[in-house]
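Following this line, the structures themselves.
Here come two complexes built around chain A, the first alongside chain B, the second alongside chain C.
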Partner chain A sequence: MAETNCKYEWPAAGDRHLIGTRISRIDGPAKASGRAKYTLDVNLPGMLFGKCLRSPYAHVKITAVDTSAAEKMPGVKAVRVIQGPGKEIQWAGDEIVEVAAASEEAAEDAVRAVKVEYQQLPFLVNEADFDKDKSAGRTKPAAELKVGDADKAFADPEVVSYEGEYGIPVMVHCCLEPHGHVVEWVGPQSIRTFSSTQGVSAVPGQFAEALSIPANNVETICRYIGGGFGSKFQMDRWGLSTAQLAKDAKKPVKYLLDRDAELEVAGCRPSGFVKVKVGAKKDGTLVAWQSDCWGTGGPSPSGVLPIPYVLDIPNRTRRHTFILTNIGPARAWRAPNHPQAAALTMTAVDDLAAKLNMDPLQMLMKNADLASENRGKVYKEELQKAAELSEWSKYWHPRGDKASGHIKRGLGVSMHTWGGRGHNSNCQITIQPDGSVTAELGSQDLGTGTRTVIAIVAAETLGLPVEAVTVKIGDSHYPYDGPSGGSTTVGGVSASTRRASVDALQQVLAAVAPGLGVPADQLVAVGGKIQAKGDASKSISWKQACRKLGVKSVQTHGKNPGQCSLGSSGVGGVGVADVSVDTETGQVKINRMVAVQDCGLIIDLKTAESQCYGALIMGVSYGLFEEKLMDNATGRMLNPNMEFYKIAGIGDVGELKVHMMTGPGYDERGVIGLGEPPVISPGAAISNAVANAIGVRVPNLPFTPDKVLAALAKGGMA
Partner chain B sequence: MERFEYASPGSRKEAVSLLAGEWGQTEVLAGGTDLVSSMKDRAVTPKRVVSLKKVSDLGGIRNSGKELRIGAMTTLRELIENQHVKRNHPALLESADYIRSEQLRNMGTIGGELLQRPRCWYFRLGYGLLAQDNGKPLVPDGDNRYHAILGNSGPAYFVSPSMMAPILIALGARVELYSAGGTREIALEKLYQTPTLANEREHTLHPNEILTEIIVPHPAKGSHSAVYEVRQKEAMDWPLSAAAVVLEMNGGSVSKAHVVLGHVAPVPWPSPEAEQALEGKAISEETADAAGKAAVSKATPLSMNGYKVQLTRVAVKRALLQAAQGGA
Partner chain C sequence: MKKEKLRSRKKEEGNEGFNRRDFLKGAGVAVSGGILAGETQAVAQAAEETSGVQGPGETPVTLRVNGETKHLNIEPRVTLLDALRDRLDTTGAKRVCDRATCGACTMLVDDRPVYGCTVLAIEAQGHEVTTIEHFSQGGKLHPMMQAFVDHDAQQCGFCTPGFVMACIAFLKTHHNPTLEDVEKGLGGNLCRCGTYEGIRHAVLQAAKTMTAEKEGGLANG
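On to the complex of A and B.
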């Protein structure tokens, strides 16, 4: 952000009228009233319904598929074998046959009439026991990381070390709106898809390639999406077969996954289990780390967990082994690999702090400068703020709440990092002679507030109220925009929108300058008017100004990346959990969750805070409840429903406190993404809070009564 | 779900005439909150569903002065808001209040609550009530974290899912059952059984018989009652373990105790061990804990549900302490 006299820059703090204030999301009323239409709500004339036959077995080879009975059933219009004889199925729930029929019921009946023969193969669906994984031949080592000399550092008599085991299981995304599409052929080589997707501009290329039709002949529409969290970037195999069935049947076809399939195959966050040795000097300075980690993301290797997390301990050795299992394929889950890494690092550091009789928050403060990109100062400010908001000095105590009774209270802390650089984005701003303003981008709003942010940036630039800007997103016919992953959307769309709006405004200023007798570069747009800088007497209303355009509308195109940087990358963040544990029942109750987060210049403080509230709720949910439970006996997921796949409800989340780091030192970094980072710390913070409360570590998330009681049986405050 | 015929008779007589004489052919629809999802999961596949919604004389709560007579189609919402229930049966109200779903309260009926099918995940995944895969029992070596710790010598390992049966049994409730042969009345406790064959059910209702009324005697003067559930979530969730207690008092000590455990066995589980441990005793932390300990003295946990023994012990203790403090 060091460039000076740049054409495109964010307004200075004193000149911001909308940016950085709390503005309610502009699509809130549509969503709350039901007017917002999701893919699941799309029903086209003559539309057929798709249903999928899925493998009931975790690992089999298909030897025969007979669809003849299904094809003859009433209402059945098309049948497609997705995986036929010879194909090896790697997880229960994998697609075998998709059917399109006149009703959902007819499609389901037809699916059940398909006959498939399988050859059973050995499967592995639980990976926590490394020895079992190894004897099953399901291990695949990743490259080892070695920095400094951990062995030598541990051997130093001045170094105190702690050895611990920690784990975080596979969980699923559980999008409220399931994955899927409605596909219609609008011409012999052209389709329109209504897709529940995080990548409106990316999906057309996927369909085009798979169907061998020109990419420009695919229009993908997703006005609203009911959750993605990283699991909705692909058209998916069922999307392709839905398009093929629509072609075969010459009718639009709708297929969105049933709840069980949604949980079995459409979301999976890889697990991580670790044996750690971590060492520090007696003053708490971390010097050595050694870890053996394993985890699974299904049949293929998933990412290596970046541990030690945040803290680049000078001497560190990391080994990671992928476990190849039959549980369904991994998908990116909100900050891929980071929540796991935090849960496997911040816990070990917390246990070492307890061994050193140190306050863990002070220990993190002391080691904050080990963070990369010189983020130490940011972490120290954030830890300080988190301590205030959590009343750390009042409620934290050394390991084990000594209060009488069976309710023990404890506090835990964790910190995290994320990138969040704005993605490729294109914004087209149109200003009509009647003064109306439209912003068009082939982007999507995952619920994060993307629409609202675009409106704010355009309105701020043009000196208009937010309502004056019409935002059109969610259609691939709008200018290309990046997929919403990696917290890259706000940085992308705000920058492209700013550039397009600045350029558009210049044309309006040029049109009114002669009439006002003020050079265009001496005019500003503010409060719904164009006026001379420092002289409000020379002004013209926005509407009158636009009339000067005559019959020509203004149309500009802003890009990101582009001239003059409007954003950057790399954030910190701190989470604190305050819990009470019932030592007789092992129940963990959240008293309070705190998130302190930086993300550069904030466009909409309200939706930014909302992102953090949502992240804390999701964090409580995976900290206490969520796990993909796989059955060793049948190879199937035991909880593919929202009864046993437990998710936090409003009574479970406690008080939520959020603080966004803003002002000097933060704002000048420009816009940085936020969707992911605040969800990273809660799991680790809850783990540490439980240990602080009951005096013993519960090694694995989520903290269910059985695990807490098992840990208490080994010690602590039971 | 499988195709089925839907019947909506206007009288109880017509209703039972539409029910088949063997299990599996027909199902009764009350609120539908359990039946519809069971049918979607194909845990049950009836050829005909007989709705009781239009049978007019199955609702309402009447107070005879010595007992409440609750129509089986009374919704949980109606029960919770009923003045007679509030006045005479606060523990019953409390147990209904644990059902933290407005949808279930609005649609679910007390008859359906008592006769809902087990939540056992193997059952719901289509392996039958006894959870067998080609004759091989899945629960003992499978994931049995939520299964039975009492009465679990097999072949049934699921837990009775009703949240209201334990307190109703502790209160001495009876049920009226109706079939073509007429009306019979049995103790609610006798409505439940542990099935030993795949084609049996977990209750003693005949296939062509319906539950019409629940009769709850008013508690003896000076008695105390309470329910305590241990659950993972505050929001909608089933208990991991639950206890219901009714204490008849003689001065400061217990003259007769009724202790019934929920979610620990294939049936609601009366605990004579806990009851005996309490008789003649005043309720204190020690006696309550001793009763809790007695309640689980014969527990035989499976490979993954040992923690439920501790939860049950605590549930009994806390229900007793809550009852003694005035309770519900």
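On to the complex of A and C.
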């Protein structure tokens, strides 16, 4: 790293006792035993239950709302009109009225008693047919990207080109714990919220602004969160109405979305469809790309898909058009825009490789140096590793499995990138004279292992076992920490915890130096002791050392960013899928999924690998099953439940192989985020594997039997 | 919404149970009683014993939960899951799909796994309800819970209690399961974070630990 001999630097490889090893998550027992309390589990004395009346129509104007009957019903304590007459509703499931009642049943009855009149307006809920959408005046073009001269490059007689169409539909987050809050007023201008949120330190400001109360009067608590995946950064409209109902009723109110609302309104990943032309020299060197892309993220423009993805093809033109629809608002979904970009790029490159009679893995290898930030070398190492783990040379074959029978096997590959620089973080370390150590951060653990990472860093620095550190997160009263998005948490909390721990240790060393007769800078903390460097005979136990602090506890504050670079940004990764396709039924079965991933210095190898396993599984899920199906007749989501919005089950995922790139060349980059990148490649890799198996491209994800059979019937490039 | 009666009994005794996808394939949304008739017999019988019109208002209900007797006044439409979570602050079982798809609310009724979201509390009267809280009393983790910790079979942890309960029930009828058995037998529970890799290992480990403990116990006894 840039600065040398900085006191905060990560320990050298030989001096690491915990960092980089496999350590079980410290909140594992609380979760496995069911004792971890999530927002949905909070029950306060006298608490009321909220329920919401939601629009049954995709696009309407509200003309009348009558809550009088609901207000008189038994058990009903407060009723709030969230959107009243004159308001235009842009998606089915949008909030209209929320009620608070003594029981969920009473609240449900009250919602049913509310009468609303609507004026119907035209709606659009499907965007796959671009030309039709254009004519409906529902499009908004984004700025065009033009690098080099694609037309000229395609015109070169030495260039072979391929034109294809690909797509990936809207899907939803389907967090198992729905969005929502429990809100109680603890004073005339003060509230406490229990919120299912990815931003414990950010939510108080949102409530404060909306309720016109001081932000310091809002405490937000989220000890455990049942999934977020990018969809839980906001207080949301229902958060505000829940707080208002609690004020009206003078009692705490709990409102978390029912499952149908969770799937209809609380998270969708924008779609992407593309007509693309990609060209390479006969040796496979990519030279030209031209794409017309469109997609929807609901009523407002969503992100432009970064295509061509990873590979900065020298001559490239990209047009993107947003289709504005009434499907509900988009939210960030694990690596926003990247899974779509991979599914629209790696597929086209794969088809071009087939046309050139090239092995697609070799084609990516050949073009890896087109990756930005000089990441070509990393990709080549990762492609090599992925080839080994997937037994590529044994199972890959030219397009179309020629084996007899109706089960066809194929392999596909994709690669991806992500940033992941550590966010703003503040850690307070307290060491008491009895030796106990606490780390406090206003952060949250989405299940990625944030608590465990903090404990490992503090314990490593102080020479203690992981169990010796108490980690307190999930409360906005702890020092500010950034929201968990963009894979920024591990870089943030590990750096702030390191800095705070190093400073805290220095104070302990200073206290014991005179007694040991060794200068403080010649002392180290290791194995539960403070000892002289290279002389274990001069040592004192951690507990005895802390007693030297007298009656004073040590309290230090570490920040990120701060002195010494402890992390960086920018990772690569490769995914391989190995599938079998039944050409009679159209069923795609996963044999094996491979993830090879770098993320700089790994703090906890066990939870890091879990992120990759989970990403592969989520990738199988959106690759094979997931789609927000909208009904053109009613404008509503057809599958707002978990039997028809399918997510992968334990028998659907095949064998999973994960390899983390570590050691020289990786560790010295410091800590980089990991939660998102490995989920990017699986969709594209599965698409390519299916094409490799059956000899034709199934253009759109997810690869359900109907789509596979349709592609087989249509035929195409063999 | 009216809750359908007891369509949630999900694991057939003595075989692999049914996989969620097979289940949907065979039954569609409107689950036919036939598939599950054998399993529901016991509870259906109990429901008959307490037959007579109840509700629509609140009615006294007595539940046996983790060995304790609990008295409630609730409407007949209240599910066992909601009675436990909303009235008894027993929140280990989670409400996720609320219609017998995801298994997050898996609990035991008379030692057999059910989806608590699709059993009415009044139907559970006269039966022993066991929730995940029962298996870590005194702070000691059940071997299945320990296996989940050891194999990192959890991320956000929201599906975990249901999965742990399904696994405990699964091992009651599968003492030495294969990987294929595990994948079939646990097809009735869903995870969003993607923890199946750890769960597969955890179940196989717990099967070994529990068999060893049982044999050790016999040898010592």
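In this text, the second predicted complex is superposed on the first by the 715 of 718 C-alpha atoms of A that agree within 3 Å, B and C clash if a C-alpha of one lies under 4 Å from a C-alpha of the other, contacts with A are read in each partner's own complex, and residues count from 1 in each chain.
As a working rule, a residue touches a chain if its C-beta (ideal position, glycine included) is under 8 Å from a C-beta of that chain, and two chains touch if they have at least 3 such contacts.
Please read all numbers here as calculations on a predicted model, not as lab measurements.
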First, second, both or neither for A:467, with chain B first and chain C second: neither
Please name the chain, chain B or chain C, that touches the greater number of residues in chain A. C
Kindly classify A:706 by the partners it touches after superposition: chain B alone (first), chain C alone (second), both, or neither? first
Per the contact definition in the header, classify A:131: touching chain B only (first), chain C only (second), both, or neither. neither
Let me test your reading of the model: by the given contact rule, A:650 touches which partner, first (chain B), second (chain C), both or neither? both
Contact-wise, after the overlay, does A:33 reach chain B, chain C, both or neither (first, second, both, neither)? second
Taking the superposition as given, does A:618 touch the first partner, chain B, the second, chain C, both, or neither? second
Common interface positions of chain A, toward chain B and toward chain C: 105, 108, 641, 643-644, 648-651
If you look only at chain B, which of its residues touch chain A in the complex? 1, 3, 100, 119, 121-122, 124-125, 127, 133, 138, 141-143, 145, 230, 232-238, 240, 304-305, 307, 310-311, 314
Chain A to chain C touching residues, read off their complex: 24-25, 27-38, 40-41, 43, 49, 103-105, 108, 174-177, 224-229, 258-259, 446-448, 606-607, 609-610, 613-618, 621, 641-644, 647-651, 653, 656
Chain B-touching residues of chain A, taken from the complex the two chains share: 105, 108-109, 584-587, 589, 624-625, 629, 631-634, 636, 638-639, 641, 643-644, 646, 648-652, 704-706, 709-710
Contact set on chain C toward chain A in their complex: 1, 19-21, 24, 29, 75, 77-78, 82, 85-86, 89, 91-99, 101-102, 104, 131-133, 135-136, 141-142, 145-146, 148-150, 152-161, 164, 182-184, 186-187, 189-200
